[in-house]
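Labels for the chains are A, B and C, by order of writing; each one numbers its residues from 1.
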Amino acid sequence: MSAHVLEEQETPVLWLHNVSADLAGRRVLDDVTFAVQPGEFTALIGTNGAGKTTLLRVILGLQPTSSGIVELAGERRGRRSVGYVPQKVLLDPDMPLRARDVVALGMDGHRLGIPLSPRAGRLRRDRVEAALASVDAIDFADARVGTLSGGEQQRVLIAHALIGEPELLLLDEPLANLDLRSQHEVVALLARVAEERRVAVVMSAHDMNPLLPVMHRIVYLAGGRAVSGTTDEVVRSEVLSALYGHHVDVLRVHGRILVVAGGEDEPVRPDGEEPGSVESGIVSVP
Amino acid sequence: MFSSFMVNTWVAASIVAVVGGVVGFFVVLRSSAFVAHAIPHGAFSGAAGAALLGLNTVFGLGVFALAGALGISALGRKGRHDVATALGLVVMLGTGSLFLSWSAVYAPQIYALLFGEVLGVSRAELWPIAGLAVICLVAIALVYRPLMLNSIAPELGEVRGVRDRLIETAFLLVVALATSMTVPVVGALLMFSLMVAPAGAARSLSDRPSAAIAWSIAIALVTVWAGIALSYALNWPLGFFVGTLGAALYGLGRLVGTRRRRLVLPTA
Amino acid sequence: MNALFAPGFFTNGIVHSALIVGAVVAVVAAIVGTFTVLRAQSFAGHALGEVGATGGSAAILAGTNPLWGFIGIAVVAAAAIELLGVRQPRSRDLATGLVLGAGLGLAALFLYLGATSQSTTGASITVLFGSLFVVSMQMVPSIVALSIVALAIVLVCYRWLLLTSLNPDLAAARGVSLRLVSALYLLALAIAVSLSAETIGAVLSTALLVGPPAAALRLTKRPTAALVVAAGIGVLATWLGILLAYDSYTWPPSGRGWPVSFFIVVFVFCFYLLAQLHGRKLTRG
């Protein structure tokens, strides 16, 4: 926790203070503390099972905490303004639903009744159009959403989350199952959203390298515990060794960062193929 | 075929088709065909019980349909409903087999409850059907957007405060309501066909949800109208025509759907 | 003793064959059903049972044993589901629904034709709701032979089934043909459902197929143990059902006895609820 940094220039959009959470009797989050400023791009890095999804669910209020405080700026002003893109949404290609329908539901999907007023309808259409434009999704706005590519679906879901004009956008592994080009596109899009709209972006990933050029802050999770700060503060051998509880090397090669378990082992792929390796904390980020 | 005696039949069947088309759209969207089958079929046992006690069969149907919907929703675990549905169904049917063994219900009566007797609808029976149909449609209109959001991905709804459990239960209750209204007229099995086949065909015909619902209603209407006409002409049971026409129209819809996609999307 | 086992329970030939056939069928249904639950195919299992009843009715119309009509139609329906639902698992639900709808339409027609040509609707109701006590000793060899076929399919494909049920991609990566496994499994399912329908009726066969495995899978996480526990629960529920049904001949209201299917369903459901409670305690503790 030594590298935990709080920049005091603005009120944070999100502030977690000593948060712990249990799932089925197992401690999944252990004393997690960090804050996120408006317009900041935060990467939530950790292997599968490190507690990333649980942490996001805690922030959303879908998972109760055992102790600690989660504070959201919007909540203080009586308005919950969090956008969320869940992990692995399977959109059925047989579903008669266009991209723009999914985006529209992001605005009023929780409301009862069917919209009938033509004026509200026009307003609604304009907002949907603007949200689609902001993620460069106009070209396939009228296509069946289930038939779109993974990257295109991800952009539609981001528009769905952004149309409510949140101050905080949470994304759970948005780069999983995307090809390299789509990964770059989505990351660039998110960086633009954070910059232009002053939306704080918090996204989880198991590989930090695609995010290195754009992220302001990293929250590194391992075994339920977290360290946060800038990349240079956190991704260091002594900090991560303390987090994992045994020696970890951090290698910088050609602008990429690799995290390797204590010397004797070959780097192990971190995508959770072997749960045992996660338990023993042997981690690399290729 | 259009005599005053038959007018009630046409009206009742049309109402049933509209409700089946609308509710069916969500049945197919949510992959809930098993529940759509289990609730009407299990509720049939309630009718047998009501007959045993000398009560109105609609009452027994309603009680069993609602109890079945709540039971399935209570037993079901998140995202997995098939075991709960199967067990809910067999418990209801097991009770039904007990009722049948006790009562002196004639086989033709059972037959009518399973496969319907649309040719004998009276004016008095028409009003409750119309009333329940209106309630069903209003209920669907009320929860339209949360239901849609939940059907795409429950997580997307939960973030906006749309609770998965609540929506699922509400939806099952609408299916139960639609069931108790239609089983006495068209039978448990036919209602199921009307809730699955037209909506299944419709989703290949349009990418817009509202248009797909309209298609679903239209196909359901064509199915029952053609079914009644054929049943009247050939004197074969309506259930046969609705079941087989539904499957045939689904095949046709898929065919048109693939051709349409090929015409629309060569540039994509 | 007499209060529990009514006089004649151990000497009655009908009871003997019911106990034997019931046990065989319960074991087959439980073992095939374990994979039905793992693969989330309860709906397909139930649909095959009901569509098979159409074949049963047709066989009665034609004057042959319903079991053969049953299996014939169930296999055809299984093939139809497999062909219609190829694109992805989610459309399997719709494909099953369509086959079921069309099959029930045919059932309506057969029952209607049967009712007008001769008075067999009562017999058809037997096909739908069934009774262990009408199974004759002559059917035992065919039932045993069919059981062996179904069990052989499941045991030969055991590892494939497990792998495809847990993770289809993993199985495909190992060179397992998903289509082949799926088709073979549906064949075993069709046989198991037909056998189970023969004993407790088409519409209730689902109880033996889904109930004991669902309970077993709550009690143990090891697949082989689940198979054994499911078979045990199935046999126990069936035997208890037969016992009470035999006793019920002395019960009100009519001295005709309560249906054996009813008791089996009740016991299966009770076992499921108990397992559910136990499972909940496990996850909490």
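By definition in this document, contacts are C-beta pairs under 8 Å (C-beta built on N, C-alpha and C of every residue); 3 or more make two chains touch, one makes a residue touch a chain.
Everything numeric here is computed off the predicted structure, so don't read it as measured data.
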| item | value |
| --- | --- |
| Of all other chains, the one whose Cα centre sits farthest from subunit C | A |
| Centre-most chain [mean C-alpha coordinates] | B |
| Among all chain pairs, the one with the most C-beta contacts | B-C |
| Centre-of-Cα separation between subunit C and subunit A, whole angstrom | 46 |
| Distance from subunit B to subunit A - Cα centre to Cα centre, in angstrom | 41 |
| Averaged-CA centre spacing for the pair subunit C and subunit B, given as whole angstrom | 25 |
| Two or more partner chains touched - positions in subunit C | 90 |
| Multi-chain contact residues (two or more partners), subunit A | 94 |
| Subunit A-touching residues of subunit B, taken from the complex the two chains share | 29, 141-146, 148-149, 152-153, 155-162, 202-204, 206-209, 211-212, 268 |
| Residues on subunit A engaged by subunit B in the complex (per definition of touch) | 60, 62, 82, 84, 86, 89-91, 94-98, 101-102, 105-106, 108-114, 140, 142-144, 157, 160 |
| Subunit C-facing residues of subunit B, complex | 28, 31-34, 36-37, 41, 75, 80, 82-83, 85-87, 89-91, 93-95, 97-98, 100-102, 107-108, 110-111, 114-115, 189, 192-193, 196-197, 200, 236-244, 246-247, 250 |
| Complex contacts: residues of subunit C adjacent to subunit B | 37, 40-43, 45-47, 90, 93-94, 96-109, 111-112, 115, 121-122, 124-125, 129, 201, 203-204, 206-207, 209-211, 214, 253-254, 256-259, 261-262, 264-266, 268-269, 272, 276 |
